[in-house]
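Some structures to go through are shown next.
Two complexes are shown next, each including subunit A; its partner changes from subunit B in the first to subunit C in the second.
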Partner chain A sequence: MKGRSWGIAIAVAALGALIGTVQVTGSATASGAEAPGSTVTLTVGLQQDLDSPNVTAGYLVSSYELWNLQYATLTDKAADDFATIPGLAEEWTASEDGLTYTYTRRDGLKWSDGEPLTAEDVAWTINTSRDQEWINHSATTANLTATALDDRTVEITTSVPDPKLPIMDVYILPKHIWEGPAAGDITTYEALDGVGSGPFTLQEWKPGQEWTMVANPNYWKGRPAIDQVVFRLYTEGGAMVAALENGEIDAAHDVPADLFVEMQGRDDIVTIAGEQGGFTELAMNGMQGGLGDGHPALLDLNVRHAVAHAINRDELFERVALSIGTQRDTLGVSANTEWNPEIPEDQQLNYDPAAANQLLDDGGYLDTDGDGVREMPGGGQKLIFRYAERSESSQSAGIRELVTGWLAEVGISTEVSVYDDTQLTDVIAAGEYDIFVWGWTPFVDPDPLLSYFTCDQVTTDVESPLYNDANWCSDEYDALYVEQNQELDHARRVDLVHQMITLFHNEATYVVLYHDADTQAYRTDRFEGWLRQPAGVGPVLFSNTSPTYFNLRPIGAGSGGEDDDMSTGMLILLIAGGVVVVGAIGYFIMRSRSRRDEKE
Partner chain B sequence: MASLVLLIGFVILAIITPWITDRADFNAINTGDNPTNHPPDGDYLLGTDRYGRSVALQLMWGARVSLFVGFAATVLTIVIGVLIGLTAGFFGGWIDSVLMRITDWFLVIPFLPTAIVLAAVLERSLWTIVMVIGITSWPSSARLIRSQVLSVRERLYVDRARALGAGRLHIVGRHILPNVTPLILASATLAVPISILTETTLSFLGLGDPTEISWGGMLDQAQQSSAVTSGHWWYYLPPGVAIMLVVLAFTIFGRALEEVLDPRLRKR
Partner chain C sequence: MRAGFVIRKVVGALSTLAFVVVFNFFLFRIVNRDPVNSMFRGRNLKPEKLEELRRKFNLDGSKWDQFVAYVRQLLHGDLGYSLKGSRPVATVIGEALWPTVLLVGTSTLLAMIGITLGYRAGWRRGSAFDTTATSFSMLTYSMPEFWIGMVFLGFFSAKLGWFPVGGLEDPGSHASGLSKWLDELHHMMLPALVLGIAYVGEYMIVARSAMIETLNEDYLQLARAKGMREDEVRRRHAVPNARLPVVSLSAINFGFIFGGAIAVESIFSWPGIGQATYLAVRGPDLPMLQGLFLLISAGVILANLVADLLYGKLDPRVLGR
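Entry: the complex of A and B
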């Protein structure tokens, strides 16, 4: 009796699995088959939806990719090294005092809807974004005033010396579309108009499924070779990788690390570990905002150094990050590597449990009651640190298991709490943690990330959290910050930034564990011309200015046919497999039935 | 019978695990030299995961957590269920109405979303999971016990005891409780697999205690390290099979117990 019902259960399960597979392959055939002369579509798989197509409201990485494609900027950045190159502006001149720049736009510029793109659009975008403090513009435009001198020239004046100029990389919006929304609350505008000046413009957004961008015939470099780009969403990395491997999508962003490593051996897929300066850090509560209840031991620099010495960053990089990215112990402040200093050997905080124990012993943090956990000097509070981690990161668990194990070996105990990102933001703002593990991704200019660790950014009101999440700051750092922010000599500014990063490293309020990489992969059989930004180390997609898309060319003409053959082959294989499975099930049922007969 | 043997086997294994194995053996800081994602062989009976940790060891230690949560949550469920069911059934009247409306309210709120919300809001620990399961799954046993109490309290010997001047506590303790005990036992046995499955679900969703390894937690980690797509079946199949076996064994045993205790359920 039991035997038979089991047989049926297995049969049903197997049939279900089979039907599921056939359906998946079926849809692959439908989307992969292309009639000659039809539209050329690049399909990119990713796991993060747009938060808003409205550039004054959204802030997610996926939305930046949309704007990078839809809106051209006055000055562009070279794909290789972020060098400033002409964009909508073909040339610019600086005044003697370096406070005023005059940009001349290219001739004959048009928006994707055919309207002329003029200096007035530029001036309107800069002035309105400054006045209304648009989140993705105001960091650049806060001190700027723009005046359209005529149809083609715009004059931009800054009220303070600004080393970032003449770079003018804010998205220029079409005034004729945005003037209306800007009269009210601009952030509530849906921004599905799809009017832009970049190589592709938004055609359709199906939240949770995909969004489609079509080639802009009026793009100033010419019409792209690809007709449309589809960004398809996957809820699970494994499904996305499967889609890439069987050709449903042409490229994938944010591939799970384990699968990324496995794909490295394939010859039809190229894997890219794209670095943009993003890093993962272990932060310790510096308690300088007066909020919260961090562990008093963390106020002691030697304890922070001991924690840093207890952590084997090499092993974390190899075993948790699977060696994807770079081993680096300093803040990543820019996608451009020139801003990374080398820490002198005698200041490095490398894995050295003996040194960690020595520092703690010397500081009087002794384990007097023999329970394996040290206490504050003179007894009293134990060195038990609250350790907060993110549930959203697949690396959190591995980092935690290793780090808490190593800390236990030097006599520091931990209490682990897991939070989602919103909860963790609240916990950090309230200062109710001792240690947390999270990360940052910088822009090209180092200024924004450096600003996060100034005293101005220490949260003093839980209701309005600021950026300085480790609650550490110093006058020396702040002075250097102001200096680099107005230093017009590039070499000197680089030196100042190096000093700041070294100072921050030596304070060990952040132990930078490693620099992460964007794990991406693309198929080699359909498109060529993938560009890494910056050259050699950066990602091909979701980079700072996303130059890949315009550069891609479809390979040959017969690629669609090959896809068909493969799908048909797989279908035959599946049907054959299905016949075998059904046969086996039938045999199984027959056998169990006959066995039952024998029993009865 | 086989189910009972299986259950006892699992429980014994869970109890003796700390004596025959060392928890530190699969702490990631000690597994750096082990092969990673290694298929099962003589050295590693069920293979290793991406950090080189033995899956067999995790499975044994995971049994402790899964069974502990299963039992503890069941105890909580039954205690709440018995208290409410007994009180409502015995006293009747407005007490019954109030308690049953509360029960109804708990009965209609969707179970899994509530459990997820509670587990997400509260601190992540084993006791939270136990509490979440207890809070969300007591209403059905309360209803069941109340209905039994309603029929028992109308029996003649209860009336006689009352006539002889027995107090309420005496009647409940001596006459009613013994008569609903078989029902409590059976429904407790059937509540264990539900508790284990709920623990597994919550842990798989990443809402379990991060510092303890449980079967659901193993499935979560297997998912996090893309074991299914990579074909590392030895990582997700053993906890899956273990959960299935334990749940099945409990269910079969619970049904059998029900039949023994309630002759009307026995088939010819």
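Entry: the complex of A and C
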């Protein structure tokens, strides 16, 4: 009897569960049907989660997208060309010495929680970020002092001439929210408050899954046309592309290159190779910090030129970068293409193995023992270069295969080591390399990237590594750097920067292999109004100030919503559930019967 | 069960855990590393700021200082900060734990169908059922789970669109209660099925061979001689004796529940421990990896302890050893 009653109890429970399941499905479908009409959702797929919503702690690209949408800035950047346009400030004036700027904010500004946004919020953000050295603010605010003259006016004074002003593109934070956390260790604040002044503000973050931002009704340009943006995390790039094709997401960022190429030319999906000045370079050790044991041959400009001539950049771009990006052999110092100089033809270091061989022969680097590897002039140390590459880059192996082959053809041998970024940073700091392949992504203003190659940035103490990773610098470059850093005439500054980049190119301490691009794609049937920043070449998502989101409009009805009908998968799930439950009931009835027979 | 036996097993488990804590710490510090420089590359931060960040991630001072600080933190349940996100490791792991227990737990239970199949196949050794079930098990056992995952994802999600491509619930979902539960079930179906298929063969093969070992035992003959039906002989006399190897396999697999399923969770973007491990390795995020290794080791140690204690219950002869 005991077995039987147990079996029947389970059977009844299972039946109850089945009935319950069917009822629940009915209600889920009903609530799903209501959603699409009321909420317009843009869903963006990506492969990198937020590191922190806290702008004083996070440092990943995904977090910048959150802050770009959540926090407006005093001055904004035009989508087309990064021109400085009014943001929270509607106008500004400069003092005659160019050291003091007075900004007047728009009237009636409010934070998303309804609190007034005042000049005091601006002054507090600038001064506190300077004092506490917030990692994403201090590069801009280090020399600034801000004073709220009244409710709408803020005066900003710089202690040194700064050509970046009047641009004030730091995220202004709501003092009434952040003042408390700033009293302690501000970097430990979770920052899930979702209070901002940009078009969208954070509503919820589900780490490892997604974060959701909702339209800010108090945004100074007006409420956005879409109600919410969901950033959805995919661990695997192929799965993200499948979700885009299925319509589970509307756009995807960081699409794997091979799948990106496959999607090109489709009617229902637009692919965007968005450039922001980022580049991949092959660097040679200039050894000016006095650290490490770089190969002495690299001190010879002719050897560096020979290495540059040995590399077929066209082939690398086609075979390794899959022609995504731009073929350009100069530093990318800005997301804005106006800073890119054209190198005169007679100074270009194009693929020319014969020229490479000639330069090496003329310099006395000969292969005297016939083993295929050249030696230093007069014999002795062979031209065997230690070649370091990043394990994190999917292009490293392809570049190495081709480059080491081409170097071998001109009599230069290589010993390859693969490092993760932390290890490679240490190896570079110690100067224990001859060649490495890495890259940089610049800001909009060229100054930060240009500063990395000054003599001040050459590492002289292993414990305190600086940014000049090729250990090369020159007085001429430094003088030009200081000049452009304080030049307030824009055209003159562009010219100075062009001179610096050309000089750096000709020294060939970096052989810039190509300029990279962000691989993005979006569906054509959901939203219109995608903006590339800068126009024609930049990305539509994760651009410098992310103007796309506010500009998007849904196409037709049902955009970005869920299907009204119960999906086939859900139906299968129910049928499978039903079969399992019925099976379980059958099993327990049979079992209780057999036990009963046995007892009888 | 004897108290001495239990104490011996518990002390053994605790000392293994202590060893893991020490080993874990030094394993990740064999290479002299300072991730702070590469994390903030190009930020123009002042040296004092970098020092402050090193302190935060427990990277300042000698190895021994770091170890003492690590153990002290650990005793307070603090696993340090993840390099990605500056969030406490314990919080990140805590968030990933439930999705993993749900997914791997469900698929382990699904895979346990293999035990019944194995017993029956072993009992009727050489029959058509045995041949079919064994071939099926060998096939699924030899297929890597990431491969099954890719095929299922490509076919059922990408091509047919029956199931979502990944995640725990629909994008931007604010569902609660039972509709949330159903949504999660819909998302879990494919990964759970893939893991279930990947595990079922192992259970089936172990259960089958354990059953075959009991087939010629005298007590089965005796049971038959008493006039018991074959089905009863199998259920009451053969199965209980074939249970030991299956118990230890199940225990170990339950221990691995906390380890998640790295390949399947990554393919289906399932926000569990497996995905967290994959992302931490990709970083590499050492404090996170350290925390995850500790959790996974503790899971396996605990499961083994439970298996040992269960052994004592199932086979009292073990107690004397």
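One rule holds for everything that comes next: the second predicted complex is superposed on the first by the 521 of 600 C-alpha atoms of A that agree within 3 Å, B and C clash if a C-alpha of one lies under 4 Å from a C-alpha of the other, contacts with A are read in each partner's own complex, and residues count from 1 in each chain.
By our rule, a contact is a pair of C-beta atoms (placed from the backbone, for glycine too) under 8 Å apart; a residue touches a chain by one contact, two chains touch by 3 or more.
As the structure is a prediction and not an experimental result, all values here were calculated from the model.
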item	value
First (subunit B), second (subunit C), both or neither touched by A:V418	first
Partner chain(s) touched by A:W406 [first = subunit B, second = subunit C, both, neither]	first
Superposed model, subunit A: greater residue contact from subunit B or subunit C	C
First (subunit B), second (subunit C), both or neither touched by A:N551	neither
Which superposed partner A:L233 touches (first subunit B, second subunit C, both, neither)	second
Which superposed partner A:T43 touches (first subunit B, second subunit C, both, neither)	second
Touched partner set for A:A242, first subunit B, second subunit C, both or neither	both
Doubly contacted subunit A residues - partners subunit C and subunit B	238-239, 242, 420
Complex contact set, residues of subunit C against subunit A	31-35, 37-49, 56, 84-87, 92, 95-96, 150, 153-154, 156-158, 160-172, 175, 178-179, 181-183, 185-186, 189, 229, 231-232, 265-269, 271-272, 275-276, 278-279, 282, 284
Touching residues (chain side subunit B, partner subunit A) in the complex	27-30, 32, 36-37, 50-51, 120, 123-124, 206, 210-211, 221, 224-226, 228-230
Subunit A - residues contacting subunit C, complex	20-21, 24-25, 27-28, 31, 41, 43, 49-52, 54, 57-60, 133, 135, 138-139, 187-188, 206-210, 212, 228, 230, 232-236, 238-240, 242-243, 245-246, 248-249, 392, 420-426, 429, 440, 448-449, 451-452, 464-465, 467, 562, 567-570, 572-573, 576, 594, 598
Partner subunit B, residues of subunit A touching it in the complex	237-239, 241-242, 256, 258-259, 262, 315, 319, 389, 391, 394, 397-398, 400-402, 405-406, 409, 416-418, 420
